[in-house]
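Each chain carries a letter (A, B, C, D and E) given by its place in the written order, and its residues are counted from 1.
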Amino acid sequence: ENKQETIDTSGETDGKTKVVVGTSASYKPWAFQENDEVQGFEMDVWTEIAQRNNYELEFKLGQFSGLVGMLDAGEIDTVAHQMSITPEREEKYYFSEPYAYSFYDLFVSEASNYKSKEDLKGKKVGCWLGGNGEATLRQINDEYDLGFDIVTYDGASLENEVTIGRIAGLWQGEIKTKTIIEENDLAIRQINEKLVYEVNAYPFRKDEVGKKLSQEVAESINDMREDGTLEQLSIKWFGINTTKSVE
Amino acid sequence: MIKLKNIHKAFGNLEVIKGIDLDISNGEVISIIGPSGTGKSTLLRCINCLEVADRGGIQIEDFAVNLDNITKHDKLWLRRNTAMVFQGFYLFNNKTVLKNITEGLIVVKKMKKSEAEKKALKILKQVGLLEKKDSYPSSLSGGQKQRVAIGRALALDPKILLFDEPTSALDPELVNEVLVLIKELAKQKKTMLIVTHEINFARNVSDRVCFMEQGMILEQGPAKEVIDNPKNERTSQFLNVVRHR
Amino acid sequence: MNFDFEFIVRLIPIMLKYSTVTIKLSCLAILIGFTISFFVAIIVYTNIPILSKIFKIYISFFRGTPLMAQLFCFYFGIIPLFPDFVLKISSFQAALVILSLASSAYMAESLRAAISSIHRGQMEAAQSIGMTYMQAMFRIILPQAIKVAIPTLFSSFINIVKDTSLVFAIGVKEMMATAQLEGASGYRYLEAYICVLFVYWAITSVMGYAQKHIEVKLGKSVGEIN
Amino acid sequence: MNFDFEFIVRLIPIMLKYSTVTIKLSCLAILIGFTISFFVAIIVYTNIPILSKIFKIYISFFRGTPLMAQLFCFYFGIIPLFPDFVLKISSFQAALVILSLASSAYMAESLRAAISSIHRGQMEAAQSIGMTYMQAMFRIILPQAIKVAIPTLFSSFINIVKDTSLVFAIGVKEMMATAQLEGASGYRYLEAYICVLFVYWAITSVMGYAQKHIEVKLGKSVGEIN
Amino acid sequence: MIKLKNIHKAFGNLEVIKGIDLDISNGEVISIIGPSGTGKSTLLRCINCLEVADRGGIQIEDFAVNLDNITKHDKLWLRRNTAMVFQGFYLFNNKTVLKNITEGLIVVKKMKKSEAEKKALKILKQVGLLEKKDSYPSSLSGGQKQRVAIGRALALDPKILLFDEPTSALDPELVNEVLVLIKELAKQKKTMLIVTHEINFARNVSDRVCFMEQGMILEQGPAKEVIDNPKNERTSQFLNVVRHR
């Protein structure tokens, strides 16, 4: 609990820069905990980044909706939780180079006959509390006048909620959801409208340390993309490559 | 007419009532005297069914209750046909004087509210507390409380009124108002069974006095006879002690 | 970072709107919890053989475990075991169930202690004029016990109001969730939470005044000398 | 969906590991909160002019608002206002601050009521032999008051333990969080929450026993006849 | 030597002490008698500084305290050099009998623990309660409690012992043990100021008796003189009432 201050490396062999990476660890397979061990795509990416920059790495868990607050409060140095770059966030944080790209989409139960977002009008749609997911869902809800009854979750499995029928649809990153569906053989399908495209990168506080970190991390991500490490990790966790822009 | 037949009661291993027989005619006033811890209160409580006796029978008019295996219905019947006046008054603290009296009439006797109130007012007049009808018990003196408690018991027209030391929790100067009221009831030929330490009062008010010791009635007879010329040695011993307190 | 009053002004009507959810949930939970607590208190006080054991465990469980864990266990753990119910029980209802049960445990304890504090002569007098145990309990004992229990009951009521702040965790839209959303969207956490805190403080303060008022009133109605 | 005992068996050691965080946080909060409550209770009891007004508001605020909102407001709202502190206050420390302050408000109320219940002759006797007000308070009044307050103090202690289940919201990883995470990754919510409920129940039950033990002990030490 | 000079005390608008002067020689025993509500307790409490007088002065030996603007230090000094025995005993309930006595020695007089205990044991022997040293107050009788309280006061070697009706909270059969102890102290020439309703005791034990009424000393003089032949009419009225209670 006694967090060390982020200190300058200034060339000393001992003085490794310490980077505290925050995640909710309830976002399988991006970041999750099993047997008291944090794992997932994000963790592998960061382990690689840390290795390349000789960082001392620590993962710090928090509730998803609190991660941005923890970043502001200095508890963590960055968020590894498939965080999207948005204009508002860019004003507030330095972002690294994007490391993943994916669509947000609606998913519904296999047995249902919802075919488009309009079919879900007035229905319960679940999303994560307080993140870009909630923000974008509210945005398209207004934009297309869908009248969704938006239910927010934090830490519970949205896929499970759709399976038991508590919500008609869920709004989540495409890659994550599809991986879970496949892994657990869930009776859930994608609406396939891909309404929102998101670009994931790591945010850092707008201060000297944050600036330096964001640059170093950006470099590493670029390197990792070039030497295929990123793709390899993506395939390990998702079965497909999510690290390339599709637009 | 009330008949107690061979009543027994023990608390665990402690035998408190050891076979009591007592016939009480209608309109008779009986006082029970005796040392502390002899089971006087327990006897009254058994008649009122606040305690369930182990053995014996109680007959009130034509209704006979076998205490060996008493039913819930018998219990309620006994309670509804006998009424108890406690040493500690136990007025319902959450109800006004008037409601203390109507409560039983409305809830137990299923009387209409207006009728119950009419009756209650009559009784309050009788016990001399009409002007206190809307007061709460906490604002009454001890003597007034006990008079309301007697009124509450009277209201139910019980076949017998049971008094358990009705004056011993009162300040000396308040004792009299309660005794006067009980005398008044005796004149009206209410059937009463009174446990008391007021020997003079017992002598004046009752037709019969029973001396009870260790769960048994050792001597009984006309009040003046028993108190002035006790036959039993224990009775006379007890009376001596009480007189010199 | 300066304090954004305009933001607060904009937020207040939204908060007040969602405070109706808080109030509705609280009131229902108080009503249901209080009703349950009556029966639990009587069962435990009367020492009814097996039932009183069970309800003692019930009280110990709900008082000894965090509400959040109870909520999650019920909503995400237990309800899905019964597929027929899943769709019938909304998160609001689930929250209501748990809040009612948990608060009933606290209130039952207050009531039980209060009933014990009523002199047993009251019960005896009531029974001696022919009332049944239950008539005596409901007409004579409980009205007196409730008066004794008012202060602890009111802290339970206030706790219920505060505990509604947790139900956003199972997806009930109320003030906390709103504050979080609004705070996050404008990066105005401080303003959002201060706003929430004050709305809660206002509600619980009103309850505090109500308590004093009721205490005075009830004092009168059982004839205390003022 | 069948009950997965194996999962529970796997979970228990993990829970127990994180229960140390719960216990550490609780113990520290109890210690600090109790210490603060001493001073608050004395100030309010003694009616020290301005201070007692302030601390009455302090008590009303912390008792009248939800802990979760207090946590969020402090951690997400207030701490970032002081960039120099930001890096120095961990979420554990922030949770500790809020838990201590909030619980101190409850404990101060218990203590204040208990102090009031001590006959003022005790204070007079102590002062009459030349003790200062504070000497009398700490040596004579408080030891007696604490005994009176034990039951309410212990419910505060138990509440602190239960309240630690909320601190994951600001990033302290404890039992509740662990249950949530493990439950989510294995889709075993029921098992995870039942497990966490029982660990909490065990801890609070132990505290209940400790309370009874202390009550008996303290009863003896002030010479009650057993 | 203790001098009270023109002491005044009011509670709000209620003037309770209206200018009291009193010189007490070392070793003198003075009893104060007078009707209820006259300010007797208040006078003692002003001397002991449990109440702060509004005006006047108190001089004990060479140390004079001006009550018009008393300092915190003066207050503590007065309290430490006078000792009060209360009607309600007020033993420290959380301490054993022995600790009740050592408490003041250790905390106020800064004595070493071992020394304090030695002294406390001597005093407990004096008040006849050595065998109760490890008991808690709750297990003592009223008379024993008051004797411990006197011991607690004695232990501090005060310049004057103040007694506020030391026996009026006691059961009649326990009064004597306390009076005997106070007499013993008088014999040992302790300076004492005793508020009491026990007229005979006051007559026997004290050198001087003051009759106080409505905040003033109306009459004072040698004990037997004042009590047997009061000069003031109010005094003789009061004594008549008290004797016939």
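Please note the rule applied: a residue touches a chain if its C-beta (ideal position, glycine included) is under 8 Å from a C-beta of that chain, and two chains touch if they have at least 3 such contacts.
Note that the structure is a prediction, hence the values are computed from the model and not measured.
Of all chains, the one whose CA centroid is most distant from that of chain D is B. Of the two interfaces, A-D and A-C, the higher number of touching C-beta pairs belongs to A-D. Once the centre of each chain is set as its mean CA position, chain D and chain E turn out to be 45 Å apart.
Averaging C-alpha coordinates per chain places the centre of chain A 80 Å away from that of chain E.
Distance from the chain C centre to the chain E centre is 54 Å, each centre being the mean of its Cα atoms. The multi-chain contact residues of chain E, meaning those touching 2 or more other chains, do not exist; every residue touches at most one other chain.
Annotation for chain A: residues 65, 69, 72, 155-156, 160 touch two or more other chains. Residue positions of chain D touching 2 or more other chains, listed in rising order: 72, 76, 80, 180, 189. The complete set of chain-chain contacts reads A-C, A-D, B-C, C-D, D-E.
Residue ranges on chain E touching chain D, taken from their complex, read 48-50, 76, 79-80, 83-84, 86, 88-96, 103-104, 107-108, 135-139, 149, 152-153, 156. Of all residues in chain D, only 1, 60-61, 63-70, 72-73, 76-78, 80-81, 158, 162-163, 165-166, 176, 179-180, 183, 189-194, 196-197, 200-201, 204-205, 208 touch chain C in the complex they form.
Of all residues in chain C, those touching chain B in their complex are 119, 121-122, 124-132, 135, 139-140, 143-144, 147, 221-225.
Residues 76, 80, 83, 86-87, 91, 168-171, 173, 177, 180-181, 184-185, 187, 189 of chain C are the ones that touch chain A when the two sit in their complex. Those residues of chain A lying in contact with chain D across their complex are 1-3, 5-6, 22, 25-26, 28, 32-36, 60-63, 65-67, 69-70, 72-76, 155-157, 160, 184.
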